[in-house]
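In what follows, subunit A forms one complex with subunit B and a second complex with subunit C.
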Partner chain A sequence: MATQGPVIVLPGDQIDPSLIPSRPKKALKLGPGLRHIPPNELVPTVAGQLTTDHKKNSIWVEYNGGRYIPAVGDLVIGTVQRSAAEYFYVTLTDYTSNALLPQLAFEMATKKTRPNLNPGALVYARVCLANRHMDPELECVSPATGKADGLGPLNGGMLYDVSLGLARRLLMRKSLEDGKVAVLEELGAAGLAFETAVGRNGKVWVNSESVKTVLIVGRAIQETDEKNLSVDQQKKLVRKLIKEVS
Partner chain B sequence: MTVNTEPQALISHLPKADGSATFSYAGYTVVGAVNGPIEVQRRDELPEEAAVDVIVRPAAGVGGTRERHLESLIQSTLRQIILVNNFPRTLIQVILQIIVAPENEYVNAKITQASSNLPILPALLQTAILSLLSSTLPLTATLTSTALAIVPDQGGSNIVLNPTAREVEQSQSFHVFAFTSHNELILAESEGSFTMKEWDDVYARAYSQCCPPALSSDNDDAMIDDQRSAGSDLRHFTRSTMEQKIVSDLYWK
Partner chain C sequence: MPREAEPSLNERAFVVQALQEGLRIDGRALDQFRELDLKFGDQYGVADLTLGKTRIFAKVSAEVTTPYTDRPFDGIFTITTELSPMASPSFEVNRPTETEIMLSRLLEKTVRRSNALDTESLCLVSGQKCWSIRVDLHVLSHDGNLIDASCLAVVAALRHFRKPDTSIEGETLTIYTPAEREPVPLSWLHSPLCVTFSFFGEEADIVVMDANLLEEQLRVTSFTISFNKHGEICQGAKLGGTTVEAMTLIKCANDALDKVKELTTWLDLKLVEDSKRRDKGGLMAELSAENER
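So, the complex of A and B:
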């Protein structure tokens, strides 16, 4: 991609074969926004920027917006709607059918010590089954180790909605370098103590000892999202918010 | 009457909808919102594909048979380009609110409205496609739509592209065409009296308008700039609008 500017595709466009990474030994990996029509046609299905990773031999379309569609392995924040004998019914996005969270899919949960989640409770969970014909299934425990790894009920705090793009950037391993989000680091450096959880479904949960901090962090994240702030603008915003409140 | 000849659009401007667009062209302004995939009512549920629901709301008053007719035309067009098989047992809802429709200043507006449903169809389709692109629902292709009228002219007749309300009123026949970005005809609606020859001429004109040859499968930037002078080419318009939106969305890349 170094040779030219970003390649923008619309649904149904032809992809220039020279853009498709070709490593003979590895299978080509298709990410979101692409459709493979056998035998060898590759067609974008959404409008976005065609992105490739030659090291991983993968290709996908980068875009922002729309509704969250569950995919296996995503970390999401859900709201418990109701609980039944075996499952909690959890909402990931508004007006979609509920995801299922087994009551035993928590750390150290047994038939006798199962967590008690009331309607409205928030859970941080991983999608373990996503398939277009079935409701998605969630888990709050790693099936390999039996550890929670930070997943589970979220107590207290406040939930903010952000765009799917920002949620993805916040979840990046190097969110500052790759995703260009510095708000959380800046807020922490400014001396605020808070904890956050980011759901791939466009939700950010913020908790802190003081309500003021929760509001500052939430507003900073939402403003970054709405106004498409750059790293420098984010730093300025954090300074302004802290000055306003203190 | 002010008719803006250049198309204008706003993308993703409604915060609560999954995708939205406002489109104005040839005197029409339409706001579109798309939600989906969402939960569907049991009676509308389809076991193998998503149900597409189109709602058209008029600029004033409540919808009637005219809106139902437009809805059915748009619904059957859109469900061919949305990949409905990706979301079985769900609903994709498209809401199109007409904000401005050009008035025929020579005739009572109510009567002209009753006479023809079709003139607004291209604006509705174009808004729907921009809203769908904004909602990032998977599509097989985009589409462009155009309206043409055959207007009698000193013994002969003349094909008028994007006719005004007055020209529609005087026309012998009125036609709406939509083509996908693969240059395939996806919608053809006609009313009035016309011969097969006339229809063929109108079709050829619509094809050259909706499917500009130079750009058919090329997304070279220089090519787009050259074509822009050719007038309001809606396919390029859709592309350049979406390009702007994507670049501003991915400013962090």
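So, the complex of A and C:
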């Protein structure tokens, strides 16, 4: 099998041993979509692109689809369902069990100054506990510094649903080079002022002073997602949308 | 039963705010339908309709039964709807939600009670034998405006359907297979179609056509009216919700008529296209012994 070009795997496929990163000093890290069958067999459990990172000695399958499964450290956008004595019950995806968000897990929150979130409010949070058979737990504050780092309640704006793959690509540190998404940069370059928050659970929150801007940004993101546009096509789409409005 | 997932407060506020400025989330005009597509199956009477992300599948079938004793000269015509959990997780099998009851009721009123299908023509031997026409409607994907889409799918499937030809000689009733005699279309009198309007704002002064699921969840009230292309009202339903001005409703009715005319023409075109696709030259072409060289 050629090492150049993306390697696509199907569930149960055999993985070419030459593709598995081998650094003697570090332990091999397995990411989502792979299962280790002791003693030394690796089997993909989903269909997708096999990706490796030799520096971190890690291997995982990049795939787009399915339901969001919380993992520790993910940034997510949730909807508050109800609040109890100590927790807010938050939904990350519709029709799944709620995640728990402690009322004190906000910046500067004490028993007297905790935030008051009504049912239906949006929060941007980080997953801090995720086990397979337990409800996940969220936090809106960094436990190390006590700072919010941009997390917390989201006011105003509009929430858009995107695929999990696009949400992941938007959250990449180099979203243009690795993720091949340029819509947001292009929209910003076109002179639109807006703020966004991307949830790993397939949600994008967009806010702006003007309603039109929010609609343009939302449509650009959704169209990029649905039609799976390349970087050039995304640029063209943004130009088209801007022209339509002005 | 899982409750329907409700939109967040931000979405609620934003959708209404945008509508007040005359803008919709998906960039459509207020009276614009989503993209419509209709495919017919290989069999007669199978229609697969997509309206944006809403997808409806309708199948018509016919069998010979005995008519109801109180209506010996009428055939039987039923429409059954099924909203399976595939369309939305909040639907459950065998436990109809309000949406489902409303949908089947409106279809009943629009298609059955307006006598779109001449049930007397389904009678074979009075009091003994008649055709029973059954429409099965499946919602494959639910993204709002089920009523308009379903009505269109049902009408399309019924107009596409062909029932086996029959003949009566004395006491014997013969039903011919498609190979023996070309199946015959139903006796179809007119095509009633629904148009649903959704109202927004405290005074219900913003009128929107073809609402998607999010808009449907946020509307203050809705109004469904059915017309045929001749401008005859078959049914009107405004079930609860905020009161709407009479003048607005009259304007809605006018808009609905225009829309129904447009949809009817579109449907006629699709049926003609399909019949062209099926037409392989008729019996003469089939009987010909000439080979293609």
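Following the convention adopted for this analysis, the second predicted complex is superposed on the first by the 241 of 246 C-alpha atoms of A that agree within 3 Å, B and C clash if a C-alpha of one lies under 4 Å from a C-alpha of the other, contacts with A are read in each partner's own complex, and residues count from 1 in each chain.
The rule is simple: a contact is a pair of C-beta atoms (placed from the backbone, for glycine too) under 8 Å apart; a residue touches a chain by one contact, two chains touch by 3 or more.
Remember, it's a predicted structure, so these values are computed and weren't measured experimentally.
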For A:Leu19, is the partner it touches subunit B (first), subunit C (second), both, or none of the two (neither)?
neither
Looking at the overlay, does A:Arg219 come into contact with subunit B only (first), subunit C only (second), both, or neither?
second
Looking at A:Ile242 after the superposition, I want to know if it touches subunit B, subunit C, both of them or none. Which is it: first, second, both, neither?
neither
Tell me the contact category for A:Tyr95 with respect to subunit B and subunit C: first, second, both or neither.
both
Partner chain in contact with A:Leu42 - subunit B first, subunit C second, else both or neither
neither
Mind telling me which of the two, subunit B or subunit C, contacts the most residues of subunit A?
B
With the two complexes superposed on chain A, say which partner A:Pro6 touches: subunit B (first), subunit C (second), both, or neither.
first
So in the superposed three-chain picture, is A:Ala130 touching just subunit B, just subunit C, both, or none of them (first/second/both/neither)?
neither
Kindly list the residues of subunit A that each of subunit B and subunit C touches, one partner per complex.
94-95
Which residues, counting only subunit A, touch subunit C once they are in their complex?
79, 91, 94-95, 118, 120-122, 154-159, 205, 211-212, 214-215, 218-219
Okay, in this complex, where on subunit B does subunit A touch?
12, 18-19, 35-39, 81, 83, 86-90, 133-142, 180-182, 217, 219, 221, 238-239, 242-243, 245-253
Residue ranges of subunit C in contact with subunit A within the complex
2, 5-15, 17-18, 21, 23, 25-27, 89-90
Complex contacts: residues of subunit A adjacent to subunit B
5-14, 33, 35, 43, 45-49, 62-67, 69, 94-97, 132-133, 165, 169, 179-181, 228, 230
